[in-house]
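After this come two complexes, each holding chain A, first together with chain B and then together with chain C.
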Partner chain A sequence: MVTNVTNLGRSGLSDWLIQRVSALILALYTLFIVAYLLFNPGLDYAAWSGLFAQTWMRIFTLLSLISIAAHAWVGLWTVTTDYIKPTGVRVGTQIVIILAIFVFLVWGIQVLWGA
Partner chain B sequence: MSMLQVSIYRYNPETDSAPYMQEYQVDTQGRDLMVLNVLEMLKAEDTTLAYRRSCREGVCGSDGMNMNGKNGLACITSLSEVVKDNKLTLRPLPGLPVVRDLVVDMGLFYQQYERIQPYLQNDEPAPAIERLQSPEERDKLDGLYECILCACCSTSCPSFWWNPDKFVGPAGLLQSYRFLADSRDKATRERLAELEDPFSVFRCRGIMNCVAVCPKGLNPTRAIGKIREMLLANAT
Partner chain C sequence: MPVSAAASPLPQTTACFHPVCLPGAVTEASQESVYRAVNSKRPVNLDLTTIHFPLPALTSIAHRITGVILFIGLIFAFWAFDKSLSSPAGFAAVSDALAHNFLAKLIAWGLLSALAFHFVAGIKHLLMDIDIGVTLEGGVKKAQITVVVSAVLIILAGVWVW
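Right after this comes the complex of A and B.
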């Protein structure tokens, strides 16, 4: 048993599951957005804003935002533990990444509900 | 044209400040020798050359090394399998400290093997005869027990290179599953609890270098997948 404190789920199993589920959600969201843009060539502000005014779209988008936050946390945490060997630099980088993810998440929520 | 160009990684920490590649010429007389045969011929000329070998038939797992960029056992790898443009480059197994020339310190590899407790654990009273298994239960151990611990797989795995102290590695995990899958072993829960952190099993990224190099044709990636399934079944 190897102990860890800066990974997302405190366990490799939960990180592994979160990574797979979030990847699936992000794939669905990407497919949806690409398809929406393809089927609406002359997209204007009213239509775009109307799409994001609907509750289901907000839920779907927030789910994707949370997914990308979790996915980035798990993925970048793994990269730092593989390649950054000095403990101070590694923990520092991990904290910067986690704080940035938090900032982007709150900002994203504000954008989503603000307009 | 039968002179084979052999380039060998040389390092003697007592006399060399840094490792270097030494060039040799070997007359194979057109024969398709095993790589170990070539090393034996060179050793007869240059007695300072160091490498491990024992059974010379792919059973003991002593002569694992990197041949033209791919890990394998020198004794069962023929020149025709690895030599390109009449050139053979031999290096020690990657990722482990070099003791001398092609001899590596396997300490980290064995530590991870020890960690998975590679022995049957069963505290139930022993029956009058052996602990029996059905043929189906015994079949589950095929493809697992054949591992000879040559370390070709673990030392071809980048996850093991970066975290050899935390990631068990393909060889250790194959053995771990060998005991998890054994109907006579009763320590399944304890074994799984040791493995659910982000490193021991989950550092495997599934690139399957281990499967590509295993001289015994085993599949550690499949065993790792089975361990993940067991962990998931146990925790959801």
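Right after this comes the complex of A and C.
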């Protein structure tokens, strides 16, 4: 099996599975948030922050944040390896993407646990 | 894609999987027919408006483009997430922007549209993974359904935002 040091799971099959599992988690989270906003038209701060104060919602949101990180990396790795042929430009772009993903992950955790 | 790509110094695990990029897309037979067509005196179709990608290729490319848009759009989503949970004033600022600011509405609709398409095209991928519609006709049919369903969702998202 050919492996590549820059892909997430070090193998295409592993990335394939990570992409599907994270996609299902993000699909469920998207449906939940959209349904919550649709069924609570007069949403206020107390209800909104109350939702994110609950343990199950923090677990669900953290799971989704990790899924975004993995899903974005597998997807953007595929796109950058497909279209950016010069190695330097591709690796540079991928480093910027990794940094952005890391910032989003830390930012999300900080919001979730109310800094 | 030429076979000589294998001679590249770096090992590549993933090539482009678009139907138009697959090695089999340009067969020797079709290259031979292209060669004959180029060297014949008969009229050649150079009307670019009649040359187009098949629909499944377009939806596949759009799936990638919407994915990149959603990643960039995370900045706005995270801003709203952070601000709305920071304080009652922050929550009011986000809901006020989404209720009155045209640019905020446009960004929200744009991101919801990209999300709708990416979501539907993703479901299509999952269906193909469980062997549903993995034929040429099925591929075209599912691409058509993807376009129609996401168009409906994009309109509904617009109604929701405005």
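In this text, the second predicted complex is superposed on the first by the 111 of 115 C-alpha atoms of A that agree within 3 Å, B and C clash if a C-alpha of one lies under 4 Å from a C-alpha of the other, contacts with A are read in each partner's own complex, and residues count from 1 in each chain.
As a convention for this text, contacts are C-beta pairs under 8 Å (C-beta built on N, C-alpha and C of every residue); 3 or more make two chains touch, one makes a residue touch a chain.
Computed from a predicted structure; not experimentally measured.
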| item | value |
| --- | --- |
| Chain B versus chain C as contact partner of A:Ile59, first or second or both or neither | neither |
| First, second, both or neither for A:Ile68, with chain B first and chain C second | second |
| Which of chain B and chain C A:Val106 touches, first, second, both or neither | neither |
| Touching partner for A:Ala35 - first (chain B), second (chain C), both, neither | neither |
| Which of chain B and chain C A:Asp82 touches, first, second, both or neither | both |
| Partner chain(s) touched by A:Ile95 [first = chain B, second = chain C, both, neither] | neither |
| Partner touching more residues of chain A, whether chain B or chain C | C |
| Partner chain(s) touched by A:Leu17 [first = chain B, second = chain C, both, neither] | first |
| Which of chain B and chain C A:Asn4 touches, first, second, both or neither | both |
| Common interface residues of chain A - those touching chain B in one complex and chain C in the other | 2-4, 7, 11-12, 78, 81-82 |
| Chain C-touching residues of chain A, taken from the complex the two chains share | 2-4, 7, 11-12, 20, 23-24, 27, 30, 38, 43-45, 48-49, 52, 68, 72, 75-76, 78-79, 81-82, 87, 97, 100, 104, 107-108, 111, 114 |
| Parts of chain B lying in touch with chain A, wherever the complex brings them together | 158-159, 162-163, 166, 193-203, 228, 231-232, 235 |
| Residues of chain A touching chain B in the complex | 1-4, 7, 11-13, 15-17, 77-78, 81-83 |
| Chain C - residues contacting chain A, complex | 10-16, 64, 67-68, 71, 74, 78, 81-82, 84-88, 91-92, 95, 115, 119, 122-123, 125-126, 129, 160 |
